[in-house]
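You will see two complexes here that share chain A, one where it goes with chain B and one where it goes with chain C.
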Partner chain A sequence: MGKQVVIVGGGVAGMQAALSLKARGAEPVIVERGDRLGGKVAGWHKLFPTFTPVEDVLGPMLQRVQEAGIEIHTGAEVEALVDGGVAVKGGGRFSGDATVICSGFDVFDARRKEEYGYGIYDNVITTVDLERMFNEGHVATVQGTAPHRVAFLHCVGSRDEKVGAHHCSKVCCITGVKQAIEMKKLFPAAEIYNFYMDIRMFGPGYEELYRRAQLEYNINFVRGRISEASQAMGGKVQIKAEDTLIGRPLKMTVDMLVLIVGMKGGASNASYAAGGLVVADNGFMQPLDPFCGNVLSGKEGIFYAGAVTAPKNIGDSLNEGSAVADRVAEYLKL
Partner chain B sequence: MPQFGFSISQPRAVNLDTNDFVPAEKLLRELPELQSCIACGSCTATCTAGNLTSFNFRKVHTLVRRGEYREAYEQMDKCMLCGKCRLVCPRGINTRAVVMKIKRELGDYQR
Partner chain C sequence: MNYYDHFVIPFVVGTAFMFAVIVWKWGRWLWKLPVADKKAIVRGVFSLDTLRAIREVVYESLLHRKIFRVNPVLGYMHMSLAFGWFLLIAVGWIEASVVLGTGTPLHAHVFFRYFDTAQHTGWNPFAFIMDLLLLMVLSGVALAWFKRMRSRALGMKRTTKHVFIDRVALTALWLIFPLRLVSESFAAAIKHNGGFLTGGLGSLIAATMDSAVIETLNSLAWWLYSFALASFFVAMPFSRYMHIFTEVPLIFLRRYRLHSTAREKSFDNFQIQACSRCGICIDPCQLQNVLNINNVQSVYFLRDRRYGKLDEKVADNCLMCGLCESRCPVGIELNTLRLNSRQKSIDTPALTRYDYLQGIDRSSGNGKVGYFAGCMTLLTPTVLRSMERIFEAAGEGVWWADRDGGSCCGRPLKLSGEVNAAERIMARNKELFAKHGITTLVTSCPICLKVFREDYNLEGIEVIHHTEYILRLVHAGRLSVEATGQEFTYHDPCELGRGSGIYEEPRELIRMAGRLVEPEHNRREALCCGSSLANLVIDDSQQSKIGSAVTSELEATGAATIVTACPLCKKALARDASVRVADISQVVAENLRVAS
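What follows is the complex of A and B.
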C-alpha cells in the first residue's frame, strides 16, 4: 500500500493531482463536497477559446480517474485541517501522509452589486446563468422572447473597491467574448454590446477570438462600466454608462443584461486559516511564493493546486495539478 | 425680449435607442475592418492635422459608429489625407477610406 494523499476538492486541479500522484505510486483520496466530480467546470457548456464542449474535457478525465481506481468520497465537506489530514462535516476524518488543497474558488454573488438589479429585475442574468441556459438548450428572456439586444458587463465583482475586490479575475474577459459570440450565433440578428474597462486577453488564441468577435460577429465593444440598470417597459433593462472613448454619457435599453461575474476566494479558506495557513488580502490562499513555491503552503505536508490560490483557467489548474504531484512526491520520497 | 444670458443645455447622453444606425451600418459594411479598432489612438497621435487642430480621428469615427453624425463631415474636412494614420494602425484599417466614406455618406448631417 502506497502512501496516502488527501486531495481536497475534485475539480480539474484535484483530479489531475490525483491522477499524477497515482501514477507515481501514491494512494490519492479525493474528498469532494459536491455530489459529483468536475467542480465549477461541470456547470459550463463550452470552453474558451475553442468552443470545446465541456464533456470533451471532463469525460476523458473522469474516465481516467475511474480506471485508475482512485478512491472518491463525494458529499464530504472539509470543516477543518487536523494533524495529518482533514475533518469533514458530520464527523468523519480522512488522514494521509500529505494533503493537497484544490477546493477552488467561489463565484461572485451578483446581488451584492445592487445597482445592476440581479435578482430584482427581469432579464438581468450572470454568465453562470447563461451557461446553464446554453446547457438547457433554451435561451430566452423571462417573457419568453428571443433577445434582440444584449449587453454584457465585464468586471462584475472584480477590480471593484466597493465589493472589496481589487484583483482581476482573469478569465472573465475571454468568457464574455466567448458568450457574446455564442449569443450572436444563436440570434444572428441581435445587437450585442460588451461594456468593458480593459480587455485582458492573456491566453493563446484569446486575443484572436476578440478580433474575430469584432470582425466576424459584429460585437460592439464599448469602453465604460455600466453605472446602473433599471427596469424598463416590457421587461427590458435600461442601462447607463459612459462611452469613455468619446467622452459622453450613453444610455440604451436591452432585452437582456449579462453580468460577467468574477471569482473570489472560497468560503472554506477561513477554515484553512484556522488550521494555520495564510489567506492573502484578495481572499485566496497565499502560496509560499508565486514562482517555485506556487504549490507550497509554507506548512509541512500541505500543498495547493488550482484556483484556490488565484483565479486560473482550466489549463493553469491542470498544470498545477501535475506540478503539485512533483512536489508531493519529493516530500514523500516516492 | 430681454436676454438674461440663460439657456437650456441639450442632453449630452448618446441615446442608442433613438439614434439612426443606417449610415453607420453602411460604413461598417463597406469597411468592416473598422470594427476591429481597439481605440489605441495611434492614428490620432501621428495625425498631421491633429497636431495643428482639434481633429481627433479616433473619437470622430467612434462617434459615427454610435450613430452621432453631427460635425463628423466638417471634422473630416480637416484631414489632409496624408495617410500616416494608415501606416501606424495596428489593426490594418484603411483609415483614409474611412475619412472618404464618412465625407461621402454624412454630408447631409452637417450642421
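What follows is the complex of A and C.
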C-alpha cells in the first residue's frame, strides 16, 4: 500500500494530479464536492481556441482515472483542513500523508453588477448560461426567437474597482471571442458585438482566433465598457456605452446581452485560511512564490494545483497537476 | 489698603494676557464676518434669541447638560470644573466685596483669604460655601485625573491624544485647585478664616508647625498658586481650553442663525476653537472601530485645522456619516467644516466645463410630479422598476427627469470639495425642473434629496424622498400594501436619517408589509454602510470591511430581508449579505394589494 494523498477537488487539475501521483506509486483519494468529476470544464460545450468538444478532453481523462483505480468520493465538501487531512461536511474525514488543494475558482455573480440587469431583465445572460444553451442545443431569446443582434460584454467582475476585483481573469477575452464566433455560426445573419477594455490574447492560437473573428466572421469589437442596460420593448435590452476609439457615446438595442463573467477566489478559501494558509488580496490562495514554489502552500504537506491560486486555462491547470505530483513525490520520498 | 503682595504679579500679567488674546481673536473673527452675517447679528441682538442664548449658555457652558445626556459621569466631571469654578469666582467676589468693600482690585478677590482683614470669631457662612465649592471642583479634578488613567471606567474606550500646549494647560489646571486648597489652609492657620475644609487643615497646620515655618510656607504656597493660575491663563488661548470662552459667543451667534457653509468663512473659527477636544467623537467613528484609523476623527481634524496643519489625507478621510456630529456636546457643524476644508485646492473648474449640458433635455413624460432617479438608482434598476410599478398603480402622471440618462445632482462633486463645479451642474438641473413645471420632485436617492433640499432653492417645488411619497400615496388611499408574514430589518441611510431626518416613514411602510426587527444601532445611532461618497481616501477593501460589519449586525436580527432606502447602501450591503437586500420601494412594489 502506497502513501495516501488527499486531492481536494476533481476538476482537471485534481484529476491530473491524481493520475501523476498514482503513476509514481502513491494512493491518491479525490474528494469532490459535486456529484461528478470534471469541475467547471464539465459544464462547457466546446473549448477555445480549437473548438474541441469538451468530451474529447474530459472523456479520455475520466477513463484513465477509472482505469487507474483511483479512489473517488463525490458529494463530499471539504469543511476544514485538519492535521493530516481534511474534514468534510456531515462529519467525515479523509487523511493522507499529503494534501493537494485543487478546488478551483468561483464564477463571479453577475447580479452584483445590478446595472447590467442580470436576473432582472429578460435576455441578459452570462457566458456560463450560454454554454449551457449550446449544450442543450437550443439558443434563443426568452421570447423564443432567434437573436438578430447580440452584445458580449467583457470584464464583468474582473479589473473592476467597483466590485473590489482588481485582477484579470485571463480566459474571458478568448471565451468571448470563441462564443461570438459560435453565435455567428449559429446565426449567420446576426450582428455580433464585443465590448472590451483591452483584448488580452495570451495563449497560442488565441490572437489568430481574434483576427479570424474580425476577418472571417465579421464580429464587431468596440473598445468601451457598457455603462448600463435597461429593458426595451419586446424583451430587447438597451445598452449604453462609450466607443472610446472615436470618443462618442453610443446606444444600442440588442436581443441578447451576454456578460462575460470572470473568476474569483473560491468560497472555500476562507476555510483554508482558518487552517493556516494564506489568501491573497485578490481572494485566490497565495502560493509560496510565483516561480519554483507555485504549487507549494508554505505549509508542510499541503500543495496547490490549478485555478485555486489564480485564474488559469485548462492547459495551465493540467501542467500544475503534473507539477504538483513532482513536488509531492519529493516530499513523500516516493 | 492696596492689597498688594509681589506674588500677585504672575496672576495679574497672565490674566491680562489671556483677555488681550481672546479679545483680539474674537474681534478679528467678528470683523471678518461676511456682511450678511453681521446683519444677522444686529437683527438678533435685540430679539428673544439673546435671552434664549443666555439660557443655553447656562445649560451648556456651565451645567453641560448635553454631556450629561451622553455620559452622566463625564457630565458631572465637566460641570464640577466649569460651574464649580464659576461659582468660586462669583461667591468669592461677593464675599470680598462684603468684607473688603467695593472697588478693590481683581487680585484681592481671587486671593481673598490672603488679604482677608476681618476678625473671625465663630462660624463663617461664606467660608463654608467656598470650601464646599472647592471640594466640588476638586472632585472634578480627581475624576479627570482618574479618566486619564482609566478612561474605560468613565465610559470612553479611547481618549484624545493631546498636543504639547494642551498638556501644559492641563497640568496647570490640575495644579490650580490643590494649590488653592494648600494656600488657603496656610492662610487659615494664621488668620483662622477657613471653612470646614481649609479651616480644619489650617488648625492641623497650626497645631503641628512652628509659626515661622508656617509664615514661609504660606508665602510659598500663594506664589505657587499664582504661578499655576498664570501658566494656565497664558497657555489657555492657544490650547483646547480656548473652548471655555469661545463656546459662549458661538451659542449667541448660532442663535442669531449663523452657520458654516460649503465655503470657508470667519464664523468657522468660533466653531473650531469651541472644540474642547473631549474626544466623544472618537469611539463612535467606524473608521476607528472597524479600520483602526486613529488620526482623522473630528477632534483631530479640528485640531489640525486650527493649528494650520491640516493634511488633505485627514480632511478627505471621513465618511461624513454624521454620527460624531450627533454626539458632539458643543454641537459643532462637523460635516460642514469637513466639507469646506476640502474646497480650496481643487475647485477651479475650466470655464467651459459642463457646457455640453447646455440645452440637453432627455426627460420624458408629463405630470406635476417629477421623478429624479439619480445615478445610483440608474445603477440599481430594481429600484427604478419598483418605482415605475408604484407610479402606475397609483395612477400618477410622472415627468421622468433622467430615466433615459441625465446629469448628476452635483452632491458627489460638492462632497469632494468641487463646490464651484457642482454649482454649474445644479444650475442646469434647476433650469430643467423649472422648464417642466413640476410641483413635486420625488427622488429615490437620499444623496440627491439632500442637495435638492439644501442647495437648489427650488421655489414652488416640494422635494421629497420616495419613502415619504409612497407613504403619502398609502395615506391618501391611492395605494395599499399587502401584509405578509415576513420579517424585515431596516438600515437607516446616513443621508436620509441623520442627514434629512427621515426615520419613521420607511418604518411605517415596512410594518404594513410585515414585522420589523430593529438592528442594534438604529435611527440617530445608525451606522454607515461604508460606501459613502464623502470618503475620498479609503479603498474598496476598506469600504467593504465597514460594510460587512454593518451587514453582520443587520443579519443578527434574524430577519429574512434587509431593507434600506438608498441605492448606494443597497449595493454596499448586498456585497456581503447572505440574506436578501431590498430597497423599500421593492418591498412595496412586490406587495401591492390589487384593488378589488
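Methods note: the second predicted complex is superposed on the first by the 334 of 334 C-alpha atoms of A that agree within 3 Å, B and C clash if a C-alpha of one lies under 4 Å from a C-alpha of the other, contacts with A are read in each partner's own complex, and residues count from 1 in each chain.
The rule we apply is simple: a contact is a pair of C-beta atoms (placed from the backbone, for glycine too) under 8 Å apart; a residue touches a chain by one contact, two chains touch by 3 or more.
Remember, predicted model here, so these are calculated numbers, not experimental data.
Participant: Examine A:252 and indicate which partner it touches, taking first as chain B and second as chain C; both and neither are also allowed.
Facilitator: Only chain B is touched by A:252; chain C is not.
Participant: Examine A:138 and indicate which partner it touches, taking first as chain B and second as chain C; both and neither are also allowed.
Facilitator: neither
Participant: Tell me the contact category for A:218 with respect to chain B and chain C: first, second, both or neither.
Facilitator: Touch status of A:218: first partner only.
Participant: With the two structures laid over each other on chain A, which partner does A:112 touch: chain B (first), chain C (second), both, or neither?
Facilitator: In the superposed model, A:112 contacts chain C only, not chain B.
Participant: Between chain B and chain C, whom does A:333 touch in the aligned arrangement: first, second, both, or neither?
Facilitator: A:333 sits against neither chain B nor chain C.
Participant: Can A:243 be said to touch chain B (first), chain C (second), both, or neither?
Facilitator: Once the two structures are laid over each other on A, A:243 reaches chain B alone.
Participant: Determine, under the contact definition given at the top, whether A:230 touches first (chain B), second (chain C), both, or neither.
Facilitator: In the superposition, A:230 contacts chain C only.
Participant: With both complexes superposed on chain A, which partner does A:120 reach: first (chain B), second (chain C), both or neither?
Facilitator: second
Participant: Check chain A for residues that touch chain B in one structure and chain C in the other, and list them.
Facilitator: Comparing the two interfaces on chain A, one with chain B and one with chain C, the shared residues are 240.
Participant: Taking the touch rule as given, give the residues of chain B at its contact with chain A in the complex, in rising order.
Facilitator: 12-17, 28, 32-33, 35-39, 58-59, 62-63, 65-66, 68, 91
Participant: Show which residues of chain C lie in contact with chain A when the two form their complex.
Facilitator: Going through chain C, the ones touching chain A are 378-382, 385, 405, 540-541, 544, 571, 574-575.
Participant: Can you list the chain A residues touching chain C in their complex?
Facilitator: Residue positions touching the partner: 112, 114-115, 117, 120-121, 161-164, 228-230, 240, 281.
Participant: Sort out for me which residues of chain A touch chain B in the complex.
Facilitator: Touching chain B: residues 199, 211, 214-215, 218, 220, 223, 240, 243, 245-253 of chain A.
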